[in-house]
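Labels run A, B, C and D following the written order; every chain starts at residue 1.
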Amino acid sequence: MLAEVFQTPDTAVADIANGATILVGGFVSAGTPSNLIRALCRTGQTELTAVANNIGLGDLLDELCEERQLAKVIATFAIRASGTRQSRFESQYRAGEVELELVPQGTLIERLRAGGAGLGGVLTKTGLGTMMAEGKETLEIDGEHWLLERPLRGDVALIKAWRADHHGNLQYRLAGLNFNPVMATAADLVIAEVEEIVEPGAIAPEQVGTPAVYVDRLVQCDPIPVRWEG
Amino acid sequence: MLAEVFQTPDTAVADIANGATILVGGFVSAGTPSNLIRALCRTGQTELTAVANNIGLGDLLDELCEERQLAKVIATFAIRASGTRQSRFESQYRAGEVELELVPQGTLIERLRAGGAGLGGVLTKTGLGTMMAEGKETLEIDGEHWLLERPLRGDVALIKAWRADHHGNLQYRLAGLNFNPVMATAADLVIAEVEEIVEPGAIAPEQVGTPAVYVDRLVQCDPIPVRWEG
Amino acid sequence: MTNSQPPTGLSRELIALRAARELEPGSVVNLGIGLPTLVAGFVEPSDDILFQAENGILGYSGVSESDFDSDLINAGGQPVNLVAGASFFDTADSFAMIRGGHIDAAILGGLQVSAQGDLANWYVPARGGGSVGGAMDLAVGAKKLIIAMAHVTREGEPRIVEACDYPLTAERCVDVIITDYAVIDVTESGFQLREVAPGISVGEVIDWTGAPVNVSGDVIEMSL
Amino acid sequence: MTNSQPPTGLSRELIALRAARELEPGSVVNLGIGLPTLVAGFVEPSDDILFQAENGILGYSGVSESDFDSDLINAGGQPVNLVAGASFFDTADSFAMIRGGHIDAAILGGLQVSAQGDLANWYVPARGGGSVGGAMDLAVGAKKLIIAMAHVTREGEPRIVEACDYPLTAERCVDVIITDYAVIDVTESGFQLREVAPGISVGEVIDWTGAPVNVSGDVIEMSL
């Protein structure tokens, strides 16, 4: 039950397999597990599917494109509005070398929540009448139409919190929560990067953002600052 | 936007209509808006539908049965396992005077969440192959079967928190959260009973359990202690 | 089943003790109301078991004997103590944890268990009404479902049966049954006797069980 | 629409200022990336407007000029300041708030708006790919949807059209359009001109709009 503490991000991600689906927490600079992303790059594993809010917008996820480790990205922001600067991801996407599944943000988080919460799908109005509804079922319930979206899970989740205790309880700061708490529920193996590891009890029970049950591995790292380049 | 502060629970609930559907937060003794429940009794309004985790198990909701104010209860615990003591609710239920819709706890909270979050329903395995599935649709998605449960909302939610600020942000203590945060999202009018009202900023942004957007009315009361009589 | 008087088996406390022994160290466990609640009193802190309560606690250590805080209760409404490293969350998050398969084991009470592992534990037809609480979600969501109950009803009727005639909690969900007479695994091929309580014979278990029980393996006496 | 050069209307800042005036005191408002972000700079603290950011903030007061904290950004990745009484939450709770109809108004950028209120704002066919972020959820969930955009494209093509030919963000969602030329309401019977920008005539608005615009009511000049 106790989370396992790894000394380096590289050892924490060493056994991620080729072809794995990886949930990556964070929203641009906030709550982004940059040390784990860089370590994942260094594993050299390929054919990965990354599920994240954004790629190539100042985040480090784009570095996975350097050596073409990504086969597919599921994200909400992946292509800049302006064409003046292209991320590596965008270049590879336009060359047909990597697949992109663009998902509305509220649908992405709810699909992940369904995957983590044992629910069979998401019934949303978001995307109805748009390209997002193509090829998907629409249900009529009591006279209203809803788009059925599938649950989404990962083999691995890479998340970032402010502090952890040795049980694996995580505490977030400011807007560092975003996708992290839900992604922590929706993967078979959850690896958390934190700035500090403290004794159980040092995080008040009311301030736990992700309960220990969800966290398998911890690694303490200085955060790598990143910034939006929208 | 600022929540309106009422001086008494009676004035806070005075305009609840006959026939209203009322979500009532709390889990037996924890986070139960007992002052608001008693004030609702004193309104004398009838034909009410109450949605709550429990009725007649040490809670005060049972007092609404004294003057037969309830037409229907939607709950997870409503009948004691032992028949030696009957609540007023149970007596009236057995006499056919009040309707009971029994709902699994995880389904009840998720139906409320769907009602508050703009989702069209809940797809769960809970209740499949049981009485709970009678008369409901079952969906097959990618070869698995799921029970479709409807969203649930209230005209009014009566909730309890530890502290509020004047914006309406609520802070909970210990296990006082339970149904309260979700119920606060799923009603047209949300009335919160709190032990203290503080200035905005006194509750740290990370410690807000229910953001101000959800709360319409506040009333400061000393909590009424109740205890399980299972 | 016979028409004679059923034998006296373990006390509720000893059933709870035996159920506690069924838990893996380091696991996350939910305890149902009633007998299962007693299990929390029979685990050692060194087992690192985290108890989850439906009402939104991970990490309580058992029922509190000290002052009652109305906001610090388990799902049975009893006051509890916390371990270091506990956490609180709302009911939606609690059942995401339960339904999503994040609970290693649940120990629930039972009224009937069938040979294919169906559970009935929330509704006594003779009484009607019923209370379901989190039982259906736990039965569906817990990775391992342990039922702790008396082997027979007060009237001497078996609770372990070919098919439940009480309304179901969930189908094909029970892994292990721990009673005052025995530990019985629910397998693909039906009930498998694993242990008998001190003073109870294999024959008595068979007699007081309402469905075939496989006794082909090593049946040992419970160590308590 | 004519083939002549489109007139010069309001600056981005003045569009944002006019959009800010459209907000009700005490309301909860989400601002899209780009031009709409500027709106936060044009509301008064006394208006008690709470800005919500998709990434999990209720109550930021605008873009921060001081130190950058990587964990304190809006949905556009910009550092923000907080008001007293702000709160943080995760993305699931943020979109429950948005999708559930708890946001009084959203101000989003637009590429095209149709006469029945369809919005296209996430995908430029000529560029392909696109980024959707929270736009579709906001378009569906906000109680009032205000689109702040340039009245015509850089090439002089109307953005306010009979039917969108860009991929939609959502159908029948737009309530008001605020451009460098005009304030136009989207009504049951199509576009209704409410205000023109200083220096822009009613005729010019009609000329540079790609669908009929009703001017039957009192059309006034924007007060800025």
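The working rule: contacts are C-beta pairs under 8 Å (C-beta built on N, C-alpha and C of every residue); 3 or more make two chains touch, one makes a residue touch a chain.
No experiment lies behind these values; they were computed from the predicted model shown.
Of all chains, the one whose mean C-alpha position sits at the greatest distance from that of chain A is C. Set side by side, the interfaces B-D and B-C show unequal numbers of C-beta pairs in contact, with more at B-C.
In this assembly, the C-alpha centroid of chain B lies 36 Å from the C-alpha centroid of chain D.
The distance from the centre of chain A to the centre of chain B, with each centre set as the mean of the Cα atoms, comes to 33 Å. Centroids built from CA atoms put chain D at 56 Å from chain C.
Taking the mean of the C-alpha atoms as each chain's centre, chain B and chain C sit 29 Å apart. Contact of a single residue of chain A with at least two other chains is seen at positions 110, 113, 118-119, 124-125, 172-174, 205-206.
Touching two or more other chains at once are residues 57, 88-89, 95, 98-99, 140-141 of chain D. Shown here, the protein chains touch in an arrangement that is not a line, ring, star or fully connected set. Shown are all chain pairs that touch, namely A-B, A-C, A-D, B-C, B-D.
Listing the residues of chain B that touch chain C in their complex gives 27-32, 53, 57-58, 76-81, 83, 90, 93-94, 100, 102-107, 109-110, 113, 124-132, 162, 172-182, 209, 223, 225-228, 230. Residues 33-34, 53-57, 68-73, 75-78, 88-92, 94-95, 98-99, 123, 127-137, 140-141, 167-171 of chain D touch chain A in their complex. Interface residues of chain A, counted against chain C in their complex, comprise 1-2, 113, 116-119, 165-167, 169, 185, 199-201, 203, 205-206, 208, 211-214. Chain B makes touch with chain A in their complex at residues 110, 114, 117-125, 139, 141-142, 144, 146, 148, 150, 172-174, 205-207.
Contacts from chain D toward chain B in the complex involve residues 25-28, 48-50, 52, 57-59, 82-89, 95-103, 140-141.
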